[in-house]
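Each of the next two complexes has subunit A plus one more chain, namely subunit B in the first and subunit C in the second.
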Partner chain A sequence: MSAPSLDAVIVGAGVVGAACAYYATRAGLSVAVVDRGPVAGGTTGAGEGNLLVSDKEPGPELELALLSTRLWRELAAALPPEDAVEYEPKGGLVLAPDETALTALRAFAAGQCAAGVEAREVDEHELAHLEPELTKGLAGGFHYPQDAQVQPARAAAALLRAARSRGALVRLGEEVTAVLTGPHGAVRGVRTPRGELHAPAVVNATGTWGGRLAALAGTRLPVLPRRGFVLVTEPLPPGLIRHKVYAADYIADVASDSAALQSSAVVEGTPAGPVLIGATRERVGFDRTLSTEALRRLAGQATALFPRLADVHAIRTYCGFRPYLPDHLPAIGPDPRVPGLHHACGHEGAGIGLAPATGLLVTAALTGDEPPVGAWPFRPERFDSRGPADDFSDPFDRPDGPPPSPGART
Partner chain B sequence: MTPPVDLAVVGAGPAGLAAAVRAAGLGLSVALLDAGERPGGQFHRYPAPGLRAARPEALHHGWRHFARRLRQLETGGVTYLPRHHVWTVARGDGCWLLHAVVGPDETPATVRARAVLLATGAYERQLPFPGWTLPGVVGAGGAQAMLKSGLVLPGRRVVVAGSGPLLLAVAASLAAAGARVPAVVEAADYRAYGRSLPAVLRTPAKLAEGARYGGGLLRRSTRLLTRHAVTAAHGTARVEAVTVTRLDDHWRPVPGTGRRVPCDALAVGHGLVPQLDLAVGLGCATRRTADDTHALVVDADQATTVPGIWAAGESCGIGGADLALTEGEIAADAVARTLHDVPADPRRHAALTRRRTRLRAFADAMAAAHRPGPGWADWLDDATEVCRCEEVTAGRVREAVAGYGAHDTRTVKLLTRAGMGWCQGRMCGQAVARLAGGEGAAAVESRPLSCPVPLRPLAQLPPEAEEFRA
Partner chain C sequence: MSQTPLGLVRAAPAAPYTFTFDGRILTALPGQTLAAALWAAGIMSWRTTRGGGAPRGVFCGIGVCHDCLATVNGRPNQRACLVAVQPGDVVTVQEGTGHDATR
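Entry: the complex of A and B
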């Protein structure tokens, strides 16, 4: 089958690939989106839909998050209502259990505010007003009105549908088996079991599996899986939990390099009623075995914040694998080692939030336009400059099993 | 900490009860955990003692053997733990940890065991149709259970419909208890049994059972309609009538053949689905069955593919109580041999194995004959609710498939919430898979929590070491 001439093949139909397709087609580019599974079949479908600025320290990721926050607001207004992406600008509430934590949180928030984040200290009295079910006796906290939420699978499906309506070719259930290169090593498309798709650019939006696509293209990107469990409760009355609520130590966990289990529960309600409690972080390769220790910690922390949850049933738990790069920043942009190869992966737990800004950056690189934010910190080849002592083969990364079959997880 | 028991059996239905009693008789320390109030599972349901049923055995066959095992359960050294709902089986330090919530207060309990036998049984397969959510529409197995445990009839004039050998038994029980059963509506064709004639003929007791049910029903002027289905239930406050339609070979309704049958209840079911949540959570391999469900892969000793985990009964493939008993006994012998070097009795072993082979062949023949045809989805209109928990209609599922590129149950679930509710897709999984375009079986669902668990017992789990790694 000879496809019409394409400007780019985007590999990956998660939220990042869908956002790349959305902005690329909006810029008039002709793209194909290829994924071995369904839309949102990987980490996107296991995500909570956090659009957070509150957990990010000043720096390039925060800049990307602030841009994305604006873009999500625009998208929520632009996408047709039947897409029902459940965008909720609900705001975040970061809690300090004691004075020490509160002092640290103040310093952290002050830095964020200088970088453009809206954050406001709230005392115990106001906490009770913002979250009536919250436990008493906390030292205080900060309210982050820019934090928001979206239903990640619906968001990815909606972005992809919009891209398709602008002519994007969407090929799901079709695995890329080779990245085609020309005589000078430049990318010229991909091969799948159904044939070849030719384009002068290939975008690696394969998330946690980004290292594999890089390898197919003959280069290296040290993306590692970082597992997270989420607990989902039975549906509860609306308004019981109103914000994204979490304790301040979550921020330390996000930035941690440890492989061991870390957990600080982010607790939030959803429009459909269930409360989400997530998520743990640990590096155990692609192991889906239930960790009762992860559940113990999530349940313990959530009930410590909201005592009323103790009698509420968890009806489901699931895990996902965050695509994690050693410096906790994504890889976004052209790969100078393989002309025509672009990366858009490695967003760890922030992929839903950072997807639109990533899509814009990738589109700018494809069209040659000025990028909306500086892309230098995200350059994919940055890990090559380190010494040989930095071997990115993950000692905890177990050999991968077969790719997760669609429907094999809740 | 007390030492682990040799064997923890999950499920006190025919398979689990037989295995627990047998293993204890062979000298093993055994814990039998069951979610129910009383042993017997779904098969041996019987009225609570307070109901003073004069003859609880009237609705059962095999009651005598069941009663013997109940006596052995009381005297034979099995630690019987009723009202224990095991929500996961985890790997502990040199043993298995069975985490359960207990009783109406849902207090936490953990049983440690060297070996585990999963006898978790099955639940009824439901295929939706317009009107299936009306009061008065009950599961065929559910109607049987109501009758056995509560001596309650779902209605006075009950249509029995769906597919599978259970329907005749249900209709016979309902009729015997005084209901009028105007029709048994079976979607498959009993002539399909002929394709596996040897397996069927080797099981004369099963044939006699079927003939007895069938004969009894005919005497009570019940119409037996094969290759027909209830394609709609009608009524406002509750079901008042059903539409019965002829089906073609693929279970597509034949236009113009529908007719209304008045009734005040409908008992409907399409066979049974093995209950695999604990086993899938442990990583046990599954196989696809002839009637488009999944069952556990077990070897000649009833061992699953995970060392230390055995399985018996319906979770290894729907086959009925006699097969479950046989598998339970085989598994108990194998566990005793593995843990305590209890030598096998060769004659007993050969007899049990022969019996299992014969019953399994019969069960496979039944499964093949009653496999749902792909055309059943044609009787769903867009307004038909497919997922009852989350109130998701067939139209919304079809939209997710056509408009948003969902081609499997997981993606449909993510986009529509079908299967995200209290039952976690046990009711709607098959229907969603079909609407998502799949022929036949849905992928094996993974449900790491096999039942809802309050957060308190989760928070009270014993902590693992700080530097733990799963």
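Entry: the complex of A and C
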């Protein structure tokens, strides 16, 4: 089967692959998006759609998040209304249960504000005004008006549809079985059971499975899964919970390297009515077994924040696997070890939020334009100085299945 | 109770009891689900959707789809296909989230 000539093949139809396709086609590039499953079939579909700046310390990820915050606002206005992505600039509310936590939160927020984040301290009285159902007796908190939310699966689908209207080829249910390379080792496309797609660039937007695609291309990227459960309540009247509300210890959980179960409830309403309570973090490989302990903790923490939720049914739960890299930063940009291979994965729990900026960075690398933010901290080869086995030392953390044998490559 | 599978399985249930649905007095057998008891009384819908106010009753019948929600003894969002009727239960049509009245 001969396909029209492509500038890039993007592997992965999650929100990051969709954003790469969106910005690449907007820049006039011709791309194909290939995914072994459906749109948003991996981590994107298991997320809450957080667009957060509040949980990020000053540094490269925050810079990416601030850019993405602006881009999501533009996208929400630019995408056709029938593709409603449920963009809600609802703001975040980070809570300090006691004076010690409040002091730490103040220092954290001051650093963020210096880096461009909008954050404002709110006292107990104002907390009750912002969230009437919130428990009493908290020391205080911070309001982050830039925090927002989208429905992640709809967002990925809307970005892909827009890319397709600009000529992107979208091939779902088609697994990449080989990354094709030329005589000098440069990428020249991919192979799937339906044939070959030829392009001088391949973008690895396979999220938690990014290590596998890297292995197919003959290189290494230590992306590992970090499981999270989300608890979903019965639909409740709109306006019951108005912000993304979470306790300050969530920030420590996000940055933690521990393999053990961690949970700090992030509570938020949705336009459809159910309240989402996320999320746990634990390193258990790709194990999907329901953890009642994880759910019990989430429920307990959520009802501690919002006593009203104690009388509310949880109607379902879902889990997914955040793609994390050892330094908790994504891998974005060209891979100097395999010319033509680009990475756009490893965004951990922030992929929905960071997707637009990632798409812009990847597009800039493809077109040779100046990147909108510095991409150096995200360079994919940054883990090479470590020993080859270091990052896979925990047997539970191995990517599912052994890497394909070198013989599978062409 | 014109159509029941009781004969097919040669069941000998204990005596039926009554409950109310929007004020109507209906009967149920011990262990019978609310959905089965409402169907047996010819009632096919006991909820309206929160968006368009469209009628809803049983869809999957096995506790998965959350379509057959009803308010039982004041508690909304009970899956009628799973909840066994208790003597004297007060069942009402659920409108919207069922929580709107308690806002």
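Here, the second predicted complex is superposed on the first by the 390 of 410 C-alpha atoms of A that agree within 3 Å, B and C clash if a C-alpha of one lies under 4 Å from a C-alpha of the other, contacts with A are read in each partner's own complex, and residues count from 1 in each chain.
By our rule, a residue touches a chain if its C-beta (ideal position, glycine included) is under 8 Å from a C-beta of that chain, and two chains touch if they have at least 3 such contacts.
Note that this is a predicted model, so its numbers are computed, not measured.
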With the two structures overlaid on subunit A, would subunit B and subunit C clash, or do they fit side by side? clash
Under the stated touch criterion, name the partner, subunit B or subunit C, that contacts more residues in subunit A. B
Counting only touches as set out at the top, which of subunit B and subunit C does A:A110 meet: first, second, both, neither? neither
Contacts for A:R296 in the overlay, against subunit B (first) and subunit C (second): which applies, first, second, both or neither? first
Using the touch definition from the top, say if A:G173 reaches subunit B (first), subunit C (second), both or neither. first
Does the superposition put A:L236 against subunit B (first), subunit C (second), both, or neither? second
Partner chain(s) touched by A:V284 [first = subunit B, second = subunit C, both, neither]: first
After the superposition on A, what does A:I315 contact: first (subunit B), second (subunit C), both or neither? both
Taking the options 44-52, 80-88 or 224-232, which segment of subunit B carries the C-alpha atoms that clash with subunit C in the overlay? 44-52
Doubly contacted residues of subunit A, that is, touched by subunit B and again by subunit C: 234-235, 313, 315
Subunit A residues touching subunit C - in the complex, by the definition given at the top: 234-237, 240, 273, 313, 315
For a test of understanding, state which residues of subunit C touch subunit A in their complex under the given definition. 50, 66, 76-77, 96-100, 103
Residues of subunit B touching subunit A in their complex? 88, 90, 97, 99, 281, 283, 390, 400, 403-411, 413-415, 417, 420-422, 424, 442-449, 452-456, 458-461, 463-464, 466-470
Which bits of subunit A are touching subunit B when the two form their complex? 13, 38-41, 45, 153-154, 157-158, 160-161, 170, 172-173, 231-235, 259-261, 272, 274, 282, 284, 287-296, 298-300, 302-303, 309-318, 396, 405-410
